[in-house]
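Read through the structures below before going on.
Two complexes follow with subunit A in common, the first pairing it with subunit B and the second with subunit C.
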Partner chain A sequence: MTRLALLLMTIALPVQAGEIWVTNEKDDTVSVIDVDTLEVVKTYPTGERPRGVTFSRDFSRLYICASDSDTVQVMDPNTGEILHDLPSGEDPEQFVLAPDDRHLFIANEDDAVTTVVDTQTRQVVAQINVGIEPEGMAVSPDGKIAITTSETTNMAHWIDTATNTLFANTLVDSRPRHAEFTADGTKLWVSSEIGGTITVFNVADQAEAGKVRFEITGVSADLVQPVGFKFNPEGTKAFVALGPSNHVAVVDMASLAVEKYILVGRRVWHMAFSPDNSKLFTTNGVSGDVTVIDVASEEAIKSIKVGRFPWGAAMRPTKSN
Partner chain B sequence: MRWAIALAAILHREALRFVGQRGRFVAALVRPLVWLFVFAAGFRAALGLSITPPYQTYITYEVYIVPGLCGMILLFNGMQSSLSLVYDREMGSMRLLLTAPLPRWWLLFSKLLAGTLVSILQCAAFLAIAALWGIRAPMLGYVMVIPALLLSGMMLGALGLMLSSVIKQLENFAGVMNFVIFPMFFLSSALYPLWKMAEASPRLRDLCMLNPFTHAVELIRFALYGQVNGMAALWVTLALGLFSVAALWGYDPARGVQNRKA
Partner chain C sequence: MTRHDTMTALCAAVLFCTCAQVQAQAAQIDIPILYLRAEVDQPPVLSNLDPVPEDLGLAGAEVALKDNQTTGGFLGHNYTLTVVSVEPGGDLAAAARDALGTAPFVLVDGTAADVLTVADLPEATGKLIFNVASGDASLRSENCRANVLHTVPEEAARTDALMQVLQAKQWRNLAMIVGPKPADQAFAEALRRSATKFGLTIGGEKAWTFDTDLRDSTMAEVPRFTQDLPDHDVLLVADATDDFGRYILHNTWLPRPVAGTHGLHAEGWASVIEAWGAVQLQNRFEDHAERDMRGRDYAAWLAIRAVGEAVTRQNSADPMALRAYLLSDAFQQDGFKGRALTFRQWNGQMRQPIAVVNDRALVTMAPVEGFLHQRNETDSLGLDQPESQCTAFEG
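And now, the complex of A and B:
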């Protein structure tokens, strides 16, 4: 009987619907894409030059880095209303929400600092001096380590979140732009835009564990600029946006070898998975669209027009009827 | 019944020819493959071509050129069968065929259908090789492309038939190449999207729009991606009607080429 009830429940469970929220750097808006219809369903105004974007754990709040407004905006995703601004330091470009769902770590590109903001008290908790032009931000899954990468110093700065002090600095290739911890927290990946590589570190001793290199037939090497990337939930493959080479690379996470390059729109920046992880949405800055990649076949299936210069992307699951 | 026998006989003869002339099959396949692997490689567009329907995202040039190369197979085969008709006429087997106690349009239609079916087989082989190379269309597209290929193939075959009623000697086939195949192929959307043509000159684009081959290629292109291009289908059907009537007129014993030759 219970089994039958369970079975019925699985059948009755709605397909996981969702939305992809994309910040449009030049339009000062966010575009909302329905992951089932693959169409833009809403567009909301934001502060100036929105870039980094992320949801709170329960998806009730959207945090937006409004770089030229020097603030992090908090939006109600159900209404598109800006609820309030958070102090962020100057020119926030990327940020990351700590696993405690409370602290935001913000890279302040112009000030060479990383700002830690408490989203509840709306106060700056700490400002940590890092290298010049900080951009990439990551927090380890256990919340103990935060990473800032600095574009000009070419370093990944390791921050102890308990004391908000640096405990290590590691060199990477030219102009690091994005950092992510693997889901198990043992590895840190840092992409270098000009260097054209991704450096993989062992988190335990901050030692370099390997490098991912890219080469696309028919595309000049200086156009191959790795920026944003995401790991699949199985932790086997990484999808890497390669900027003006208009391709996303599929990297085998064990061997660090590139398996495939997928053609997307012009100047691909960042990406977000659909709630069921079957689709990947990439923001293409210059062509002003979002390319949808079918994750299973690793092929681009559609490009959706959004605003001018889409940059960041974040996913929100929604209930379908 | 007699009609069916005639159709079967003509299909059988074409099939025998197809099986017998393996060289022709290979040659017909090599031509588009050379275009795909050599010509398209030079224009690879690794950074992606702009999105034009029916494509929903960025594609490389190799993906773009495939439907046009299917059109090329149909075009060359249509002309080839016109060549073979001229040959048949010179050898006398045409006379035998045309003396069958059946309406002439039925005989010519059977001949057209037989030739087109052979072309579709060649397109299938070409698409299979392209798929192995990594240029794939959705499953539905491979089904939908069959009627598109049939209609386009019949239209180009009818064009060949019409020309064959005018060409008096085998040697004139070179002229057909120069004045029919090349302009038709290059003044179409087979190699470049029409917006690219419009960039060079809007008049060139208009010429391409008039070319029935453009519509044949677009019909194939949309069908291959599971879509119907009604406008293209209409143009191809109109052209098929026009060329068929002209071919029938050309083969009409009262005033056609047979008369002139006699």
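And now, the complex of A and C:
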């Protein structure tokens, strides 16, 4: 009886409509996926080699790293119009918007610097020398710490955002690609693509708190390559894209043990949740599609064809019809 | 808080973190690396289109040095590179003896004999030598040395990669043209060995004997030269010095693809590799050297990056400690080829994917899917443990 009531309630709840915006690195476009119909509803042109992508706090602006155009583009997501470009430093790959909704921290992959840009004044505030091939970017929930990971130097660089200077550099396994703070700000996770691990740090003292390791039956260990990942809103599970192993791992955040591997498309990169967090959308670079994962059952339910080499993903809630 | 107080607090914070993070920062570590090159007189070749770059190999070492220095800057590790280049016919042993006194890490850019000359010097005991140029099989087998690691793939690994691709495409009937130089003969032998290993047949061979400048008459001469070869799927060419091979393509009697040293060829590195972050390395290299990165550049880059990776992880510049780490399961190198690179523990060869390419595109990265191995699929390329006569790495 209770169960039935719960089920009815779930059905009765209005599903929040939304879109997943995916950058197509080899097509110079963004594809817009409707999370209800699971169809591509729009495709907009961008600058060259779009990769990192994120929305402003109120979802009125889409920021796009146009790597080969050496700029961050600002798009009106209602029209697809490029409003203006932001100075970004050379070859911007990934970035993170600070909690102040104003400052972008940008990894300049070819330049070994992190660029801080004020999106209001459209000025570069600072450039910080980091290791070779900076890529992963994260900012702590309180905005006090920004992280850049460098792929060839194999470090997480800890930036004091008050001074825009480095205050720590911590080694991780080979080729770090992505970094995220936990929602409570106490832990930092960094994925290492070639090392095949995720290193978890205590933010308070930058000490290593643990490592996540992956093993998929029938897949050569050196092809299990963690790249992008996302935490569920409850902070209990992490979903980790494992690159050319074509799987997403579900990791228990408390024990750091892998609970499940979900088969997705080829060379899975990054991901975004639907507005109600019931679905997870992964970009699959080689197969040129997006896999939709049902979060409750942890099963892949659909593949959606997008452009060539989809890379980044960002969510925007929209009004229900 | 006054500005002064803020500054003091910040300095304290920085100091605290530095100490807590990496104790090694207290002491600076110097890592002197030597690039020892035995220069060769390049033989005359028919075409002047593609001269061998003067800084072949060395440019890769210089890019890796910069990569290491950036990382070292955060850790107090100071990498330096000294270049000693010995003229053709010069006294390599004497030059090496002098230079080894100050550099525990040595890249040797020379022949197999040059590598052994350096490795067997008394001064080389306890040093770590990297072979960055010679694909000679014996250096990985009966002539292996405990103090020599190889970052350049052996010739057999390249020919194995090529044969895996031909086998996967079911182009199994081959014919071959072999040049007159010792290097051509050695490459032809590697091709024969790999063909046997992967079940392909070389049904006929011809020696290249032309001694005229064929450039104006290739369309007349090469079809006739290839007409009496038995029918084949692919024509192999063994022309290691890039003398005549380029004139075989599209001049054959039968309409057949060419492979080996020309046409479809297998390399440790090629400018057409784009995936796996390779574009970043290609860009860094092109900015530095103003040319494409080649296999020897990559081998030298790998050697210095391997030293850097070991120093970073071990916080030591002791060559024997680093050798033990490099040969351990803990070591893994990102080489922009999609898999972690490691060293084979039985002969010191770096285990690495091989790019099978044409001049404009990557065909595939070997090991090709389906070629399995009980230890590591990459060990399907080159001399495997049971085939190697090397004993210097035992114990």
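One rule holds in what follows: the second predicted complex is superposed on the first by the 307 of 321 C-alpha atoms of A that agree within 3 Å, B and C clash if a C-alpha of one lies under 4 Å from a C-alpha of the other, contacts with A are read in each partner's own complex, and residues count from 1 in each chain.
In this text, a contact is a pair of C-beta atoms (placed from the backbone, for glycine too) under 8 Å apart; a residue touches a chain by one contact, two chains touch by 3 or more.
Predicted model only: the values in this text are computed from it and were never measured.
Which term applies to subunit B and subunit C once both are placed on subunit A by superposition, clash or fit?
Superposition check on subunit A shows subunit B and subunit C fit without a clash.
Per the contact definition in the header, classify A:N246: touching subunit B only (first), subunit C only (second), both, or neither.
first
For A:V74, is the partner it touches subunit B (first), subunit C (second), both, or none of the two (neither)?
In the superposition, A:V74 contacts neither subunit B nor subunit C.
If we overlay the two complexes on their shared chain A, which of subunit B and subunit C does A:S303 touch? Say first, second, both or neither.
first
Looking at A:M155 after the superposition, I want to know if it touches subunit B, subunit C, both of them or none. Which is it: first, second, both, neither?
In the superposition, A:M155 touches subunit C alone.
Counting only touches as set out at the top, which of subunit B and subunit C does A:T291 meet: first, second, both, neither?
first
In the superposed model, does subunit B or subunit C contact more residues of subunit A?
C
Once chain A of both complexes is superposed, is A:L97 in touch with subunit B (first), subunit C (second), both, or neither?
Neither partner.
For A:D222, select first, second, both or neither according to whether it touches subunit B, subunit C, the two together, or no partner.
second
Determine, under the contact definition given at the top, whether A:T170 touches first (subunit B), second (subunit C), both, or neither.
second
What's the minimum Cα gap, in whole angstrom, linking subunit B and subunit C in the superposed view?
For subunit B and subunit C in the superposition, the minimum C-alpha gap reads 11 Å.
For subunit A, give the residues common to its interface with subunit B and its interface with subunit C.
Residues 223, which sit in both footprints.
If we count contacts the way the header does, which residues on subunit B are in touch with subunit A in the complex?
Residues of subunit B touching subunit A: 44, 46-48, 51, 56-60.
For subunit C, which residues are in contact with subunit A within the complex?
10, 13-14, 17-18, 20-22, 67, 70-71, 74-75, 277, 280, 283-284, 309, 312-313, 332-334, 338-340, 376-377
State the interface residues of subunit A toward subunit C in the complex, per the touch definition above.
The contact residues of subunit A facing subunit C are 109-110, 112, 131-133, 151-155, 157-158, 160, 163, 165, 167-171, 173-175, 193-196, 205-207, 220, 222-223, 244.
For the complex, which residues does subunit A have touching subunit B?
Checking each residue of subunit A against subunit B gives 216-219, 223, 245-246, 263-266, 287, 291-292, 300-303.
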